[in-house]
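Presented sequentially are two complexes of chain A, the first with chain B as partner and the second with chain C.
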Partner chain A sequence: MTNRPLTHPAHPPAALPPPCPPSPPGQPPLPRTPVLCLQGITKRFGAVEALLDVSVQVHEGEVVGLVGDNAAGKSTLAKVIAGALQPDTGLIELGGEPVQIGSPSSAHALGIATVFQDLALCENLDVTANLFLGRELKRSGLMHDGQMEAHTRSVLHDLRANIPSIHTPLNQLSAGQRQAVAIARTLIGRPRLVVLDEPTSSLSVAQTAEVLTHIERLRDLGLGVIFISHNLTDVRAVADRIEVLRHGQNNGTFGPDAAQSDLIGAITGATRFGGLGG
Partner chain B sequence: MTGIANVWELATRNMRQSGIAVAFVAIVALFSVLNSNFLSPGNITNIVLQYSYILILAIGMVLVIIGGHIDLSVGSLVALTGAVAAVVVIKGGQPWWVGVLAAIGVGLLAGAWQGFWVAYVGIPAFIVTLAGMLLFRGLTWVVLDSISLSPFGGTYYQIANGFQNGLLGGMGFDVFTLVIFAIAVVGYAVMQWRSRMAKLRYQQVVESLPLFVVKIVIVAAIVMWFAWQLAHSRGLPNVLILLAILIIGYSVIAQRSVFGRHIYAIGGNLHAAQLSGVKVKTVNFWVMANMGFLSAVAGIVYSSRMNGAQPGAGNMFELDAIAACFIGGAAVTGGVGRVTGAMIGGLIMAVMSNGMQLMGVDQSVQQVVKGLVLLLAVAFDVYNKKRAGVAR
Partner chain C sequence: MSRLTAGSQSSLREANKGLLVDTIKQFGGLTQVELADATGLSAATVSTLVKQLTESRLVEVRPTSRSGRRAQLVTLARATGLAAGVHVGHRSLRVLLSDFNREIVAEQSMPLPREHPMDTVLDRVALLIVDMLELVASSLDELAGIALGLPAPVDVSTGMLSVRGVLPGWDSEHIGEVMGKRLGRPVYVENDANLGALAQMTFGATHPYADSVYVRASYGTGAGVILGGRLHRGFGGTAGEIGHVQVDPYGHICRCGRRGCLDTVVGAEALLASLQTSHGPLTLRDVITRAVDGDPGCSRVLADAGRTIGRVVAGVCQAVNPQAVCVGGELADAGSVFLAPLAEAVQEHILPNRVAPMEVLASPLRGDEVAKGALVQVLDSTDLFAQGGDGQ
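Our next item is the complex of A and B:
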């Protein structure tokens, strides 16, 4: 990790985006420090601008809903935060420090945990094994099962996750329970920020409700949460603030009580660049 | 959620494992009724000796299968390592342990060779080991110059044919054998007790105390009866000691080590394992290299038992070892299986072969029966999985 801000080599230093303001525009000033602050993120794939000058902030104990139509740039932004993609220009600040997120493992080291759309879980292993996969606790060369199990219990308890036994192999769990395991897995590394990419997209109504509860628990634990979805109902249920992306650009910031028609207008492009709500 | 599990819960929790154990007991019971000689001390010793090399191969093979691979070359490698040992000991006149080291070195080298192609070049193990099967068989002919070598004699012969007997004396039975088994039983009981205490401390479900005691007593009774049979025959076979060390060691590796956990993860979901930071290439390499090592151990035991090396040795051993794993509950798709399961699977094959031989069943019928048992065992596995899928 370096303290050098990310810049495109072609850009003169004067083109640096402004540093993060103390509180997001159009919002009452928040006393907490922003966990993550993205300023002027641009990502091009050839001639396509997947992200153009996107700015997003997340505070401790805040759920930011990131909504937008298909191909609006939501997943690209998630990958940038997770370190899977490098932005061409833009500034990423983590807890006030400018950082470079060079790879998924450095994102993990920085305290950023991501749950991707296709859950990276081993269905043949039990809940504990999945939570600690790749970072097993050891004692005299062998796995420290007792400690891993105790930790798993406490994390699942923190999430209020309803999982029958931590010894259940994942192929015996429901889709919603697996999503809970995936979210619980992020908590093992003691993250500051959790990015959830479409966590409710393939779930039943009851399972969605459970996952939304887990997201609220993450907020109550004081983490910053980015909740990416194109289901407005789910986002409005838990988000403290809703950021709309359209064609890879910011297209409005809304409060959770914003009118549905305003949100849809911003998503579809009927309204542009409005700070209409909240 | 602390609680007491009842018998039914215990049985269903590990349905596949207990199903195979029940099948094993049923087969043993069937043959002991059909043939009074089946459970005689001599015959029990015989079963252990006759199938020990298949069991040794199955230990390595189950790890390979859990990792989602297969190894078709182990039969040829058994022949090659045995041939190398024979050349060193019989032709070269070296002491027995030089032969053993040479065989293990060749086995590790062959395993590392296959591991390199599987892990770092990314060629499916099926292809790599199919090539290895031809390659190692050809090398065996070269090493032996197309003729059989025998006899080993001396200490090398004793590896698979010797017994630890009379070390503590005894009146018509070997006290040493009984003492060793008694120590094993006490060790087993202590380990079970400690694991039960640890489970209680972490508030996990355990069986009730009487049930726990009954379980220990039954296991102890069966083991001590087996020891009694051995003690009345020729004592403790060296091969059985070797087998016990390998089974315990590899069970610990599979169930308790990070390496073992990562083999299961790779076989279960390769993509997830990679994303989680599992060093997939290193693990795959060592799984294949380890199979080479165990093939060498099996090669030593087999050549010692045969008291010589033949170019055609170990033919079809790979299929017996693979069958043992699948009968013992390993999944064809990888990610599922246990060392103990593969051992029971191997013993089922061993007991069936031996039992049918004693009854004078024709060789062709034996093959038919073994084939059907393999098919039924995997069918049972598929059926169980489908049921679990529906219940989800």
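Our next item is the complex of A and C:
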């Protein structure tokens, strides 16, 4: 493996990948630029290429399913979008503007909200406190509880989340309700893009049903959604487009009509796409 | 707001009781503390009202625990047993649990993938029902039966699909038996439009009429026929399968293997294909939302579909002469954009009856008629006294 010097994000590589095309190839021109466009993202950890030349686009009101086997680079890509990791090379465009996502807080400022696998919620705090954790609304130096509670109620209502009380501490909620809180948290601060990393992996069927319904709601609210999962049934239920990652590379884009067997073929590598030469 | 002078103490109490019951219905089962929080009433008021509601047998209280502490779980009181109504649509699953008073005690929806395989869906249905029973502090023993509504003609006596290819992946097995093995309770399998017709007749738009037709315009189209107050399934369960009436002799081949069926013209795939060039890739839900918002292209597609379906429905009306036609399903959710051309086409092509003109009605049971019809099916098929015990 060649050990090329890392390109610092401040100094883009000489050969920039071409800017994002206005719409995916093979589809009629859409009068909209993608909310998020990743072009040629590469991330190395030492000699390990976690992501190699990965490109993904998400439009407004579109759910993109990101599937792949373990260590395919799904979570690394989520972390790159969330600003937790910096790509070595590649171009990130948000709403057509090239951006650098330097940290999770700058991702939030750019309108990107992420729910990680472990949810990152505080068990001892109530629903409202969790939604506004670290970005509490303040009025003359004091917390503006009334407004935060009103906002929490309206967000939960938008999601049609089944949470009886916004004063319940998180440790009294079911796993599905916690997932709903984590998703509701993303809606604070008017995001454009929501990234969900394995939101249904440890849930019962009833809870999965609720989370999938929430994802449909996010789509109806006009947000771009990236839904990362192992479970093809869940992904195919809500995704408008499915991107397969394999060994850190794109291995095919599928429409919602794609058969389960084709997807599995792409995930295992039985079929290769796009001259990736893997 | 100023204090209402018109409201007496007792009317306030009644209003609060109503609020409590509605809240319990929404969440299935709640502890008293959660109830106080969800309704905004004080803990003391909730405690008093729950006591009164328990005495009048509207709610029941069971011991439970919340994060290690003992608590009282409040659920709706159930009349003798529970029934599960399941609607398996092309892209969604809807499950309702009700008691024998037809009171819905729990509900759940879930998006489904396209061309969903039978095994995965039935697994999900079974687990979902068990989860929901747990939510209302019940168990499988209390479940009198499950009725499944499917978007395909069903031979009720065997519980198998009577036409091959209409619902891919569901053809080969005896669906009632497969589902019965998963839950160990009686399972009824039925066509979705037939169940919709049953629900409309029992508590929907066609309740006053003895002869009616229910049209379900969804990802595919179907109809349920009620004759003399009874569901008419036909010999093999294909009565009212208007989705497979030929409307275009030179059209595409349908899933059923014949040419130019109504579904090849107004089915979701056909509707979306005609919008592909102008609007790009959409889902049926997008088309309906946009048509409601006044998008001209989406409205036109739905209006044309309404007119085409209307002409076929008129044919059914000539055959059975119903007093009313009720239209439901996802396309009907678009409202008059779709319903007005459909009604117009029906009226235009039936014999004008000067004694009793036929009515075309919109479904008042938005989205739930199939699952509710499934509940009716279970409740009607269960002999209460044969159940043994009163379930308490």
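The criterion applied here is as follows: the second predicted complex is superposed on the first by the 256 of 278 C-alpha atoms of A that agree within 3 Å, B and C clash if a C-alpha of one lies under 4 Å from a C-alpha of the other, contacts with A are read in each partner's own complex, and residues count from 1 in each chain.
FYI, a residue touches a chain if its C-beta (ideal position, glycine included) is under 8 Å from a C-beta of that chain, and two chains touch if they have at least 3 such contacts.
Keep in mind the model is a prediction, meaning the values are calculated, not measured.
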item	value
Contacts of A:139 with chain B and chain C, given as first, second, both or neither	neither
Which superposed partner A:162 touches (first chain B, second chain C, both, neither)	second
Touched partner set for A:123, first chain B, second chain C, both or neither	first
Touched partner set for A:255, first chain B, second chain C, both or neither	second
Touched partner set for A:212, first chain B, second chain C, both or neither	second
First (chain B), second (chain C), both or neither touched by A:171	both
Comparing the two partners chain B and chain C, which touches a greater set of residues in chain A	C
Contacts of A:204 with chain B and chain C, given as first, second, both or neither	second
First, second, both or neither for A:233, with chain B first and chain C second	second
Contact residues of chain A, present in both the chain B and the chain C interface	165, 167, 171-172
Residues of chain A that touch chain C when the two form their complex	23, 27-28, 30, 61, 162, 164-169, 171-172, 204-210, 212-213, 215-216, 220, 232-233, 235-238, 240, 255-257, 259-260
Touch list for chain C against partner chain A, complex	23, 26-27, 30, 34-35, 37-38, 66-67, 91, 93, 108-117, 120, 124, 127-128, 131-132, 135, 276-277, 280-281, 283, 285-286, 289
In the complex, chain A residues that touch chain B	104-105, 119-125, 129, 133-136, 138, 141-143, 145-146, 149-150, 153, 165, 167, 171-174
Contacting residues of chain B [partner chain A, same complex]	1, 198, 201-202, 204-205, 252, 256-258, 261, 264-265, 267-269, 271-273, 275-278, 331, 335-336, 388-389, 391-392
